[in-house]
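To keep things simple, chains are lettered A, B, C and D as they appear, and every chain counts its residues starting from 1.
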Amino acid sequence: MHFLSDNTAAAHPDILRAITQANAGHAPGYGADGFTEEAEKLLEAMFDTDVRAFLVTTGTAANALALSAMTPPYGGILCHEEAHINTDECGAPEFFTGAKLIPLPGEHGKLTPAGVKRRLAAFAHGEHQVKPAVLSISNPTESGVLYTPEEVRALADLAHEHDMLLHVDGARFANAVAALDCHPDDLAGRAGVDALTLGATKNGALMAEAVLFFRTALAVEFPRRRKRAGQLVSKSRYLGVQFVAWLRDDLWLELALHANAMARLLSARLEAVEAADIATPVQTNMVFAWLPRKLHEALVEEGAEYYCWREEHERVLARLVCSWQTTEEEVEAFATALARHVGAG
Amino acid sequence: MHFLSDNTAAAHPDILRAITQANAGHAPGYGADGFTEEAEKLLEAMFDTDVRAFLVTTGTAANALALSAMTPPYGGILCHEEAHINTDECGAPEFFTGAKLIPLPGEHGKLTPAGVKRRLAAFAHGEHQVKPAVLSISNPTESGVLYTPEEVRALADLAHEHDMLLHVDGARFANAVAALDCHPDDLAGRAGVDALTLGATKNGALMAEAVLFFRTALAVEFPRRRKRAGQLVSKSRYLGVQFVAWLRDDLWLELALHANAMARLLSARLEAVEAADIATPVQTNMVFAWLPRKLHEALVEEGAEYYCWREEHERVLARLVCSWQTTEEEVEAFATALARHVGAG
Amino acid sequence: MHFLSDNTAAAHPDILRAITQANAGHAPGYGADGFTEEAEKLLEAMFDTDVRAFLVTTGTAANALALSAMTPPYGGILCHEEAHINTDECGAPEFFTGAKLIPLPGEHGKLTPAGVKRRLAAFAHGEHQVKPAVLSISNPTESGVLYTPEEVRALADLAHEHDMLLHVDGARFANAVAALDCHPDDLAGRAGVDALTLGATKNGALMAEAVLFFRTALAVEFPRRRKRAGQLVSKSRYLGVQFVAWLRDDLWLELALHANAMARLLSARLEAVEAADIATPVQTNMVFAWLPRKLHEALVEEGAEYYCWREEHERVLARLVCSWQTTEEEVEAFATALARHVGAG
Amino acid sequence: MHFLSDNTAAAHPDILRAITQANAGHAPGYGADGFTEEAEKLLEAMFDTDVRAFLVTTGTAANALALSAMTPPYGGILCHEEAHINTDECGAPEFFTGAKLIPLPGEHGKLTPAGVKRRLAAFAHGEHQVKPAVLSISNPTESGVLYTPEEVRALADLAHEHDMLLHVDGARFANAVAALDCHPDDLAGRAGVDALTLGATKNGALMAEAVLFFRTALAVEFPRRRKRAGQLVSKSRYLGVQFVAWLRDDLWLELALHANAMARLLSARLEAVEAADIATPVQTNMVFAWLPRKLHEALVEEGAEYYCWREEHERVLARLVCSWQTTEEEVEAFATALARHVGAG
């Protein structure tokens, strides 16, 4: 019953197999190898609009590096107060950009055009304030909730009207595309997104993240930014081939669809229990549910693993994440444990 | 005839096999998995003195992060003018530390106590100058030349007398230990080294580097530095297991001994040719040789791959690097080509 | 009717006279002159506890530099969301420190121990989050409201319990001391403050700010930080002598008492008018009052100068600041204009 | 006999008088006052080409801020190894820019097109190296030696051919213009200079430096850079009026001519003494002379003040700087002391 995170999962066998196949002979270093080049081309082909792709090793580096190309050091980055870049990256965005993060509130980790506009109105004092330069959203949000293509478009338009750029943290972008049953570009270039950080690690890879620039001018000196940040991998073929396998035959989509389906099943099982209280719309691969503390303790004792997102006196907010590796059996085992303890309670 | 670099080699099969074996079931993220913990313990056991080990993905990140824990932002880092940190990391050390690099001359990439002392004498103007905080050397140097344990000790003592710390860039540390037939700690803790960046990538791994702090106080807040730099890997087991396999049964030593032996063979073959001129003592896995331009062009045409370190009108300085993957056949093929063209010339 | 800010005022004649007297002969550069040394000593004598003083040219530099000595780059600085460091310094604190600002809400710009504790509780995820390192308050706040010695002490204790330091932005510190009729040290060293940025510019000087470290270890390498930030003044005597004159015969206190008294008078005149609505307790030299838009426009047309802190449809929040230069006549002229337009309204 | 530096001099009475006159009534803060605006206009009128001027408080800040607008963080700044930005600013340029300083050798602190070209040739490894972005020279150099308009032009052309910008550290720019008897713009805009930091402090002001952008695009967001660096002065009128007085009736030129003349006289007196050895062409207001150690000690004992630039066993290299305040009497007193001790020796 592993619902701690989608990064506790192993790598998908197809991806590991591809790495093994790539492990033959010599290959030029620092991204000049054929696998990296193929990965970049496949990533660029994943979208309809013109785009430049760069591979890096972690999601934090992907976000911070993308942002560093989007804002001057005297800029401001507007984001949700619960955004990963604001709460879980130990200041990496400030470090890489030199800029200031400006946190905004919003339900389920989402920003709205009205909320952004309200915040921007406070930036009217010229050089005394940073220049709002980037609007950054996570799709899905850290609460697993989606922005539709129209919602992304509206925020992109708003950003551009204010001479800002739109960044999307897509650590779970595959889950968003799978959930919305849309073309990847509907949430990216076509929607006005300027830069997307696209995660494969949480969705079947070992360690593979990409920065994608739809505003291609941002890509021009990005190789130097990546090198300067210690993110240019010498044996890059092992990064590249992960993306090659991930994109081949839409493996990424298959894995994301599965993870989302498991979350739906898990959610259904929780909804069936009166004591549990779904806290957030279940739209991708994450379920947030309030559980009575006693029930929570009983589940943990039985071996259920998940993250306590928040704690109150009598209850805890559980975050349960499904991955490509989650099985129906695991979900049903959890449901059985749930039922048993609710009945007992 | 692949002598371009030791990072064009593939990963050693044992390391890839270990990754495959690690790819089962769930594992805690961000370094709390068993493989990472075992890797850290094995790394710490590789040395006799007390040490703390941290895994990262690239050598540039390892160097820059290690340095960031060793100098205040108003500090100075003395290094050889040809040091990798000064010439090939696109300013990463300045970025991660905020400090100033102070390049020094020296034969074959080596610094001497006398040269360092002379440079330090110029730092006498208080707050107008940065505070010399770190002495950084590469062992072996970027020219493949060694510092003996005694030489490291002398520089460590000098650094400490001046309230500075000693950093060793050990991208090819295994080759140094293999060449000197000493205990790893003879070039590290026992020699007074405060921090070592230890590379496995060039010596058989896919992508695995470590930062080792012999001055353990430097390790206290290093986890936050690593995270802030985007170097905390979520599925860290795939980093950890590489080191586990690399250290098991001294695979690292076996591979380094082989690479060094291949370089010796290559050097012998070049020495036998009057037209070629060995430029630097061949002490590890690299050979630097001046070749007449015509000979160079003929070799390249035959498929020999190596790096032109410097070019003059009538000759080029070739850098030929051997790796764990270099075969005797490759070296002899190169020797044959050499002989043919010299004879023809 | 100049109430725009206390930095639109001229310098006090005594301070200008002192500068003129200092303008004779040669003096050592970079702070080694007698005036700077006397200023440092007088500043240190202003407080009872052991303290180190450093002169700089602007309040933004004073804040950002003080903070840079108090937090590691992976640290967090908790402050009020309306703090000058968060809203009006164009990201200088992030630039100088590399750290992250963490804004908190609170009435009238004030933080409470309960509010700080609540925010700190969210920092429990180790290296994924910055390390809370500094608690920064403004005394008086940007709304002109005071922390009493006991309130400062409570926040200092809380900070120290959490291994944090307390910084006080004292751009208007003189006004606070004057208002509370206490010893300067009651709001500084004795209250547990670790660093204070003390402004003289708004209170009679031309351009003179100081950083004071009550935790003297913070001072050790501060000269290099100041130089590296471009804040070491070569003809420092002109900075030093301003503080000498400002501190001599408690000129600073006299000027601050006057400014506070003028604000009280202004407040009384506004309170007498039903249409005006005092928005914030008037405790120092600033008055915040809601004015009907029509009244506001009429006053501006008559030449009244003040800052519109916030605007609503039918009313504006006026910030009126008194300085050492504000005269009773000015206040009464404003009161007369007010009365006339209210009567007419 | 004060020859320590031109910043040990007082401010010129005309400049102090102007400050006193400016000290009346209220003035808008942060550079919106009439004096600052007039200073900016006068500075812009000092040159023939289009230029934007910004006032700051120190030369180090002026240099570091100007450079920060000229290079991306992954850039390189080529400068002389003895340049003030490389040796005497405690890393401020690295701090403000994030970039890397690349020191070059050259006689008397001067760079030559050939030397710069040679160094640029080493930048051919793409993203592994910083991108050469700025060429920075000091005119006059730290050794008091001049670049002629033609020499500046040649370096500007070279920089521009390599997609770099030319920065001039003009801490003593007035002395250069006075010495070359040329129009200020001959050494600035007309010569292809992109940014000039112009110092008034060493030439009669209290504390007044300017950043001038001849490539006016660099000025667009400079106000935010200045504010973020803590260099936007609230009572800016006191900065502005210094420049107004300094530029009025060419006071700057008169003072610089005088300082240069005093250095020529001093040089002549030293040349007359066989024991002294002029080490550097005396072209502006500085004299470098080798003195036997005994003679040096005797002069110091008599009260002569100057800086020991370098020391050898039997002799010292004395740097003697003249300022607007240096009198013929002072120089002759020094000459007399010199003669006495040489005669005695």
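Basically, contacts are C-beta pairs under 8 Å (C-beta built on N, C-alpha and C of every residue); 3 or more make two chains touch, one makes a residue touch a chain.
What you see is a predicted model; the values in this text were computed from it and never measured.
> Could you tell me which chain lies farthest from subunit B when each chain's centre is the average position of its Cα atoms?
In terms of C-alpha centroids, the chain at the greatest distance from subunit B is C.
> Any chance you could check whether A-B or A-D wins on number of contacting C-beta pairs?
Between the two chain pairs, A-B has more contacting C-beta pairs.
> Using mean CA coordinates as chain centres, what's the gap between subunit A and subunit D in Å?
Distance between chain centres, rounded to whole Å: 51 Å.
> Mind checking the centre-to-centre distance between subunit B and subunit D? Centres are C-alpha means, answer in whole Å.
42
> Whole-Å distance, subunit A centre to subunit B centre, using C-alpha means?
34
> Can you pull out the residues of subunit D that are in contact with at least two other chains?
In subunit D, the residues touching two or more other chains are 30, 73-74, 89-91, 95, 98, 127-128, 130, 224, 227-228, 232.
> Looking at the complex, which residues from subunit B come into contact with subunit D?
So the residues of subunit B in touch with subunit D come to 73-74, 76, 87-91, 94-95, 98-101, 103, 125, 127-130.
> For subunit C, which residues are in contact with subunit B within the complex?
Counting only subunit C, the residues touching subunit B are 30, 72-74, 98, 126-128, 130-131, 221, 223-228, 232.
> Mind listing the subunit D positions that touch subunit C in their complex?
2, 4-5, 7-11, 13, 16, 19-20, 23-30, 56-62, 64-65, 89-92, 95-96, 201-202, 206-207, 224, 227-235, 238-239, 305, 325
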